[in-house]
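In order of appearance the chains are A, B and C, and numbering begins at 1 in each one.
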Amino acid sequence: MPILELTNLIKDFGGLRALDNVNLSVEKGEIFGLIGPNGSGKTTLLNVITGFLPPTAGDVLYKGQSIAGLKPFQIAKEKLIRTFQITSVFTNLTVEENILHASHLKTNSTIWGSLFTTPGYRREERQLQERVTELLAFTGLEDKRNSSAANLGAGEQRDLEMAVALAADPEMMLLDEPAAGMTAEEQAKLMRLIETVRDRGITVMVIEHNMKVIMGICTRIMCLNFGAKIAEGSAEEIASNEAVISAYLGGKRGA
Amino acid sequence: MDWTVLGQQLWNGLVNGGVYVMLASGLSLVFGVMRVINMAHGELAMLGAMITFSLMRYLDFPFFGAFAVSILAAALIGLVFNRLAVQPFLGTSRLVVLLSSLAVSFILLNGSVSIWSSDPKLIRTPFNQIAQVGGVRIPADQIMLFVLGSVAVYGLYLLLAKIKLGKMMRATAQNAVGAQLVGINTKRVYDFTLIFAAMLAALAGILVAPLISAHPYMGQPLLILGFAVVIVAGVGNLFGALVVGLALGVIEAMYGQYVSTYYRTSFIYAVMVVVLLLRPQGVFGRK
Amino acid sequence: MTTTNAKYLGLVAALAVAIIAPFLLTSDYDREILVLICIFAIAGLSLDIIMGHMGQFSFGHAAVFGVGAYTSAILSLRYGVPVWWGILAAIAVTLLAGFILGYVALRRTREFELAIITFALGAIVLSVAQAWHSLTGGMTGLHRVPAPPFDISAGGLELRSEFAFYWLALAVLIITIYAIHRFTNSRIGRAVRSIRENEDLASSIGVSPTYYYVIAFTVATGLGGLAGALYGHHLGFVNAGMLRLNIMVIMLMIVLVGGSGSLGGPVLGSAIYWLVSEQLRALGEEYRFLIFGGILLASIIFLPRGVFPSLASTASWLFEGTADRPSGWSRFVAQRSWLGLFVLKR
C-alpha cells in the first residue's frame, strides 16, 4: 500500500484551477520528486496535502486513511512533516531551543511532571538533550548549539530547518525546495542528508527546481504544469520526456 | 406608539451616527494606510473640543475662529504624535504602536484633566435656533454638524480619489514597500495621514461638544464608537462606513429609548464583538 | 564564585529579605505598600503570560482583575461565603471566562483581534459594574469587604493582619513565580512559545495553536482573577475604578517598564510602580497618571526590553564578561529597532 496517495485532487481559487485532477502515489521508503515550472502548483499541492489549504475535491490518503480537511497540526501528528519554501525556523530561539521546541510530538510529560520536576520529567529532559545532540551531529550543526537561529548563515538555517523537521519524528517528509540557492557543496551535502534520512526508513517527497538534486536522489519523479500531471517516471524517463522539456524551456509558463 | 419620540430618537441617532462616521473616517484612514490602531484618536477629538473651548472662553474667540485654530492645532498635534509615537515603530510589531498610542492617549487624557479639570464645559455655537418638524426638535447646530461633517467626509473621499497625495496614500496602503520602490516618500505620507486623521478627529470633537458638553473624558467612548463603525463596516470602504455609522447611531438611540438607557453603549460594543467574531472583515469588507 | 552560585545566593538572600521585610519597616502604611507590590507583581506576571509568552495583547486584563475582586467581594460580603472559598471562586470564575473568551477569540491568532475584542469587552464589563446596582453596588462599589481570617497565635505572639496578609501575598507570588518558571520549561510552555515564534512552523510540527493558546490565556486570566481577589480583600472595598483603563495602564507599565518576558520583570516593575507612586503621592491623581503615561511611553521608546533584562544583562556582563558582547551602541540600536517586547527569555 502506498504511504501517500492523491486521488483526483482538485484545488480551485475562485475561478482559477490550481490543481487539476492530480493523481499520485508514493511508496514507503521512496524518495519521490515533484518538479514543474514556477506556478505549476507544486507548493499548492504541498499545502493541500499538509492541511494548510483545503482541497476543493478529491482525496488525500495517508497510510490508507483520508487526511483531507484535517488541520495541519493533526496531519503532523500522523508523522507527516513538511518544510517551507521560505526557510522557517524559530528565529529568536537558539539552535538547541529550536530542536527542543520541535520535539513536541516526541514528548509527553504532563504539567504535573514539569511542575514538580518528577523523575519522569527529568528523564524526558535528559532524553531530549541527547536527541538534540544527535540531531545536531546529523545535520552538522554541533558547534552552533547555543547560537541564535537568527545568526546562522543561510545554509545553516536550512540545516536547522531539516533538524527541526526531523525532531518532529516523521515517517514521511515533504521538502519544499530545500536546495534553493545552495552552492554545489551544500547541494551534495543535502543529497547525502536526504539519502541518509531515507535509509532510516523515512519516506521523502522533494519539490525542487534543481535538476541535479532531483535526478541525483529520486527514485521516481512527477512533473506538474498548470496544476496537472504531465509526466511521471524514473529520472531517465523524465529527462527525455518531451512534455517536460517543453514545459520548462518553451511554451507558455503557468500563472 | 409615540411617533414624536420615535422621530426624535431617529434624529438624535442620525446626529450621533454622523459623529461616529467622522470618527470612523479618521481611524479607518490610519488603519488603512499604516495598518495600526490609533488608541489616541478619541483624545485627539477631545483636544479639538477643549482647545476650542479655551479659545472661546479665555481669549474671546468667536466660534468659527476658535474652530479653525483648533483644527490647525490638531494638525500640528497629529504631526508630532506621528513622529514621536507612531512612525518609529512601524517597522516592528504593530502591537507596539497600539501600546505607544495608548500611552499617548493616557498622557493627553490626564494632561487635559490637570489643565482643564474634569467638569463639563459648555461650548456655545452661534446657532441657537431650533427647528420643529412635526414635534421633533432639530437644533440648528446639529444641522451644522451634519453639513460640516458631510463636507469633511466628502473632502476626504475627494482627497483619496482625485488628489495626488491621496493617491500616494492609497498606494502606500496597498503596499508600503512597493510604494517606496516607485519613489513615494512614505514618511511624508504617514505624516499627512496622521495630520488628516487628527483634523478629522478634532472636527468630530468640536461638533459633538455642544451636544454633550466637552470634558477630558469624552474621548474614550468616542474612540470605541468610532472603532465599532470601522469594525462593523469593514476597513477601506467610506460609503460602508457612512451607512454603518448612521445605522449604529440610530440603533443605539432606539435601544437606549426602548430597551435600556444604561446599556445602550454597551449594546453597540456587543454588536462590534459579535461582528468581529462572526464576520471579521465587516459587513462591507472583502477578505 | 560561578554565576550560577551567585544567582542562587542572590535569590536566597532576596527571599530572606522579602520574608523579614515587614519587621524592617516601621509603619503599617509602608507594609501596605509591600502587599500592593506583591499583588500587582502577580497581576503583572499574569499579563505577561499573554504579552511575553503568547505575544498577544489583551485589554481585558483590568476587567479580569476587577471581576476577580468583585466575585470574591460579592460572595463574602453579601452571601457570607468564607473568604478563602471566595478567592477560589474568583479564580474559578475568571478561569471560566478566560477559557470561553480564549476559545472564541483565539481561533486565528491575528494580532489585533484579541486586543479589540478585549477592549470592547472590558468596556462592557465596566458598564455593567457601574450600572448593576444590586449586584455590584454601582458607582460606589462594595465596602467593608472582609479580610481573610488569620487566627494564628503562636505561643502568645499575635500576628497582626498586615503581616499575615503580606506573607500570604508573598507566598502566592513565590508560588506563581515558580509555577511560571516550570511552565516555561514544560512541554506546554514550549508549545506556546513555538506558536508565538512561528505559528505555521508550530502547526507543521504538531502543535495546535488554538489549543495551547487557549490554555495559556485561561491560566493568565485565572491568575489575574486571583490577584484581583487578593486586592479586594486587602483594601476592604471594591469599586468600578478597578476595572478601568487606569489599572490597565498600570499593569502595562509594570510589565513593560519592568521587562516583558522575564520572571523578575513584572516583580521589579511592580516595585518601581508603587515606590514611584508613593513619591508622587503629593501630586493629584491626574499628574501621577500623566507621569506614568510618560514613563510608559519613554520605556517603549528608549528601553523596549524593560529595566529587568537590561539589569540582568549588565549583571551577567559584570560576572561573566563575555568576549563577544556587541558594543553598547549597537546593542542600543538593536534594542530599539527590534523591539524585544515579545521575546521570551528564561
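General remarks:
Simple rule for what comes next: contacts are C-beta pairs under 8 Å (C-beta built on N, C-alpha and C of every residue); 3 or more make two chains touch, one makes a residue touch a chain.
If you're wondering where the values come from, they're calculated on a predicted model, not measured in any experiment.
The touch graph of the protein chains shown is a line.
When you average the Cα atoms of each chain and compare centres, the chain farthest from chain C turns out to be A.
Ranked by number of C-beta pairs in contact, the top chain pair is B-C.
One finds 41 Å separating the Cα centroids of chain A and chain C. The mean-CA centres of chain B and chain C are about 33 angstrom from one another, to the nearest whole unit. Once the centre of each chain is set as its mean CA position, chain A and chain B turn out to be 49 Å apart. Remark: chain B residues 37, 84-85, 88-89, 91-96, 98-100, 102-104, 106-107, 109-111, 113-114, 220, 224, 227-228, 231, 262-263, 265-266, 269-270, 272-273, 276-277, 280 touch chain C in the complex. Residues 50, 52, 71-74, 76-77, 81-84, 88-93, 100-102, 104-105, 107-111, 113-115, 117, 121, 164-165, 167-168 of chain A touch chain C in their complex. The touching residues of chain C, when paired with chain B in their complex, are 56-57, 104-105, 111-113, 115-117, 119-121, 123-124, 127-128, 131, 245, 249, 252, 256, 284, 286-287, 289-290, 292-294, 296-297, 300-301, 304, 336-339, 341-342. Against chain A, in their complex, chain C makes its touches with residues 179, 182-183, 185-191, 193-194, 197-198, 200-209, 343.
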